[in-house]
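First comes the structure, then the notes that go with it.
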Amino acid sequence: MGKTLMKGNEAIARAAILSGIDAYFGYPITPQNEIPEYLSKLMFEAGKVFVQAESEVAAINMVYGAAAAGFRTMTSSSSPGIALKQEGITYLCGAELPAVVVSVMRGGPGLGSITPSQGDYNQATRGGGNGDYHVIVFAPETIQETIDIMKEAFDIADYYRNPVMILVDGMIGQMMETVDLTKPVKKRFLPEKDWAANGTSRHSKRNVVNSLYIESDILEAHNLALKKKYDKVVINDTRYELINMEDPDYVIVAFGTMSRICRSAIEMLAEKKIRVGIIRPISLWPFPNVAFENLDAPHLKGILDVEMNLGQMLTDVLVANNGKYPVGFFGRAGGVVPEPEEVVDAILHFKNRVVK
Amino acid sequence: MGKTLMKGNEAIARAAILSGIDAYFGYPITPQNEIPEYLSKLMFEAGKVFVQAESEVAAINMVYGAAAAGFRTMTSSSSPGIALKQEGITYLCGAELPAVVVSVMRGGPGLGSITPSQGDYNQATRGGGNGDYHVIVFAPETIQETIDIMKEAFDIADYYRNPVMILVDGMIGQMMETVDLTKPVKKRFLPEKDWAANGTSRHSKRNVVNSLYIESDILEAHNLALKKKYDKVVINDTRYELINMEDPDYVIVAFGTMSRICRSAIEMLAEKKIRVGIIRPISLWPFPNVAFENLDAPHLKGILDVEMNLGQMLTDVLVANNGKYPVGFFGRAGGVVPEPEEVVDAILHFKNRVVK
Amino acid sequence: MGKTLMKGNEAIARAAILSGIDAYFGYPITPQNEIPEYLSKLMFEAGKVFVQAESEVAAINMVYGAAAAGFRTMTSSSSPGIALKQEGITYLCGAELPAVVVSVMRGGPGLGSITPSQGDYNQATRGGGNGDYHVIVFAPETIQETIDIMKEAFDIADYYRNPVMILVDGMIGQMMETVDLTKPVKKRFLPEKDWAANGTSRHSKRNVVNSLYIESDILEAHNLALKKKYDKVVINDTRYELINMEDPDYVIVAFGTMSRICRSAIEMLAEKKIRVGIIRPISLWPFPNVAFENLDAPHLKGILDVEMNLGQMLTDVLVANNGKYPVGFFGRAGGVVPEPEEVVDAILHFKNRVVK
Amino acid sequence: MGKTLMKGNEAIARAAILSGIDAYFGYPITPQNEIPEYLSKLMFEAGKVFVQAESEVAAINMVYGAAAAGFRTMTSSSSPGIALKQEGITYLCGAELPAVVVSVMRGGPGLGSITPSQGDYNQATRGGGNGDYHVIVFAPETIQETIDIMKEAFDIADYYRNPVMILVDGMIGQMMETVDLTKPVKKRFLPEKDWAANGTSRHSKRNVVNSLYIESDILEAHNLALKKKYDKVVINDTRYELINMEDPDYVIVAFGTMSRICRSAIEMLAEKKIRVGIIRPISLWPFPNVAFENLDAPHLKGILDVEMNLGQMLTDVLVANNGKYPVGFFGRAGGVVPEPEEVVDAILHFKNRVVK
């Protein structure tokens, strides 16, 4: 098929179809409305299920139902809409059900604005659901990367029997880029879903899918089994990109759209003979601690966390760094997208930015 | 009135009444059902509003409405029920509305169990709502402390115009202790709520309460104003208790019910000539970083985070410690309450517990 | 207090207060919004409960709950909003709970228009709830009559333990008339609500309020007991007004706003020496069959049913008449209010109007 | 395929599939649960859409959405569940959307019982939705007739662009009979749905489906157009069966399961030399007035309305008879199914049964 010019939200929809999605359930909210709009047409043409549900709560519970029956399913929403899905997401984790949740961030808190933002880092990585659980969160930087991760996300969800979140901002959703939908991605061996509650015609026993464990010791055993699975995700599916990391003076940590802007900023800084590398987390959970542990940078003066929020990833950066280097922060909030010059300036005046 | 023997959930209800609460909105879930049950009677007797809403989502939005009209209002729930309230909580924060949310944790994720747990630390401190916001979270250790904090919580909420969460586990809700409901608490000067949307009879202008800011720069200004407020909370209302902290060999970090068990453990350890102190965070957000920064402990071999979950507070402990001392973790999950002996053992074999 | 100029919706709200209402639950819909708007203020001032619920379904179920606990409660809505309440209304009837439902009709079907209409006659008198039940429906003609019936409605509801509906159209809601709120209405002896589920402090036994009767013979006995009650309502509380009924040439049947217009029409007809009487049903259920049975009109040429709909009351008129006189119909639909001249014309050409 | 033994609820599901249904939306309630249960499997196998919605309200609104997009769609429920759908049904009528609603009656009012009943005659024929609208209601007597009507119902709905209700009681749903699924039914010419809101790929203009008409005169024109359509239904699709109607002494009016019992009763009465005919309405709306108008029965002593309720069809029988013959009523309520002997007895003592 080759290269095509495509909007991010359309790419997400098309990549879902290419991933063999069986059912989509959602409820409208700007700036992700093109995803359900495209899917309402594409799913119909593909003979699959598309439901615009009564509410976000209804949609995520339909995802739960379809996933429990063994189907590939997804939902998508934006900031307050994702907030409403937190109960459903923790249920999916507790019941070990695969599903893909696309979150297109807008300004917050509350209704906030409809402009692009990274203000839902905490929401994505710490949830708001209850209990010890993790959602696997990927934050792509380009539309091509969004497509590639989408295509892999359903497999990863099935592989671990855990929800996977694709976290982008409105900018990625709305911009157009030339993409190749056919680019091959890593394939995994996926066994039959013999746990699915899809009738007894395929299994001799009646499968039950639930997240309720009345006995504390049985629930603890379940929690420890989940933890073991999460440890496996940390080892196998932590993802990040190292950019310009040969002997840097400074290291920027940035994800998604923000890292694109930082790429421009470090070129500007290179002209000023300041070498700045970027650690770009692709998986936000698991966070790439390993990239910080492996840091071999004799001239490193500090690490600058750059975000389109007021410092939500800072906690993870500080934990990963664990006191080794000075850590600073620069960010803009409320849906304001920083200019590369502002990032340059933050590096030039790093001392004013130091947090710890 | 003097001292009375009272169950935790009843104490929460009675303290709410003593705080001049105008309206309660909730939906049933174990193990917090005695709170609405008591309040349904107490509120009625006091001529106040009690509504068992259609759902958790409805309840938190009624809290929003009543708070916007200037009333003292609260809701209560447990783990998955709190998950459903995340959208409403971020709306309260965005619109700067005071309210008290009581969260009585049970085992998770998902439906989990109904036994006591601390598995909702992330849920309480990082929400799941969208955007840059904070809920002020207090985690009392005894029923008396629960009463005292409840009585102060409404004032704090009003003072900062921000929701305050009281985070306890089912054990505190269910146990009985001798308490003094009349113990005086700190009083604050609280101005008239001239921002309340309660008609034009009291104000010349028509007040509007909202969390929507369409323009990015205006939303950013709002975010920065919120941040300034949160900084003020960090300075004025970070709370913690230091226990046995004179020249300790080890420091335990524990909150709520868990710290009571650790008090027993450090007595057992004292018999073994091992001096162990406890940093007990009372406010979980803001986390008492200051207690770690001020640590002056020449013989300190390490810090042990002890929780009734799989290590959710660890991030905050690691950030606060920032690489200064070795940090270890011990926890039980799924609603299992650890014995003091297990904590003793974890200190005795601290090396096996080290995380970073 | 004497006479005051007042809008119909305000009068409804004030009459509710005068009736000792304890709680109001509703959800906004034009053209009845002034009722909750006034009550939100009046209930607050009176120290009573006002809740704007999450939906019409939530509101009617809150009415159910409050009524079950022995409180005087009401809701109000308009056409599609009343449709959503049908399940709740049949539950109230089945569980024999008193409540007042104010229905302010707008054009239909579906969303229709927001102009006045009488298109919900079937909805009011035949419900849409399931099973053998009746709501007592009053359709006042003036604001004064609305006030008087409202004031009596709560007593009637309590007396029969059955919901009472006040059915008006948007015109009565919006117009202003001089009224006397203090006009005395019939008082009934109302025993204590010893059936109310309001705790065991007042009763030795635990009251249960329900509409579920699993055994058919027990449910049939319940149905027959309800029927006996409904028969009592027919005998004691069928209401109608006879206007100009001495030896009429024609009789008009009209209710609510429509009968006001017909009053003008019969004056115009009197000038043409045509004597026309009006049977004005005040209670729509029970329908005033007795007024038709007692008809002693030797020159009567026919009965003309006049409605602001396409003939919904016609069934009841035909049943009441039972073939005795020719019956005709004239009506306008869609929120169009007929002119008196149109009614005059319909009488003058009665033959063209005959249905049966 | 020939004859098969089949349960009524299964037959309904299979007939829906044979009718080319595209989408089913429902919510569980006894005694119709086998319909969604069968359909969840059959729809899946047929590659069609099956959604168990969040509530009855959600389900009927999904029907609205799918019907507006031009799909063949249905829902099913039982008594209180149908009550919750009344708003959606009036919207379907107002927006002229085709859909099939299967109502399996249980005892009422409210929760009532789960035994068979005909207590929802008013609910089916007078709705509870608002405005001047009609649902076309068919009440089959046997499983074979249920199948045949189901197969025709989707065509009728499409032909008139109006919802069609299939009204049965739990007995028909639960009993088994030998049926022929392939029996041919009347086919109609159905034009393309060029009004469907299914995108602009098939139409040049953008279709809008709505029931809102802000201007009264436009809404009235819409009401009159609907009335014209309903008149057409009366003429073309009024259905009834005349049984044993040659010179009867008495005529029974009975529908659905009740008419089966009356068939036995008239055989017993024939042995006593009493000739009793049955007018069996198959369409409840439109009611077969014509069968009464055409009555040529010189020895007829009276008409006995027999129902499994307390006389809801009586109004329509009285209107149809219009005073011509004495009319009596016999019925059982609460889910009690009368014995043929009781019907025989009611005829033998007709005088005690006379109502008007």
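Observations, loosely collected:
Each chain carries a letter (A, B, C and D) given by its place in the written order, and its residues are counted from 1.
What we mean here is this: a residue touches a chain if its C-beta (ideal position, glycine included) is under 8 Å from a C-beta of that chain, and two chains touch if they have at least 3 such contacts.
What you see is a predicted model; the values in this text were computed from it and never measured.
Ranked by distance of CA centroids from chain B, the top chain is D. Over half of the residue numbers at the chain C-chain D interface are used by both copies of the sequence. Between the CA-based centres of chain A and chain D the separation comes to 51 Å, rounded to the whole angstrom. Each chain gets a centre from the mean of its Cα atoms; for chain A and chain C, those two points are 56 Å apart.
Remark: chain C and chain D have CA centroids separated by 28 Å (rounded to whole angstrom).
Residue positions 57 of chain A each touch two or more of the other chains.
If you draw each protein chain as a dot and join the dots that touch, you get one closed loop, with every dot joined to exactly two others.
All chain pairs that touch, listed by label, are A-B, A-D, B-C, C-D.
Taken together, the chain D residues at the contact with chain C in this complex read 57, 79-84, 86-87, 90-95, 105-115, 117, 119-120, 122-123, 125-133, 210-224, 226-227, 309-310, 312, 315-316, 318-319, 321-324, 332-336, 356.
Within the complex formed with chain B, the chain C residues making contact are 41, 47, 49, 51-55, 57-58, 61-62, 65, 199.
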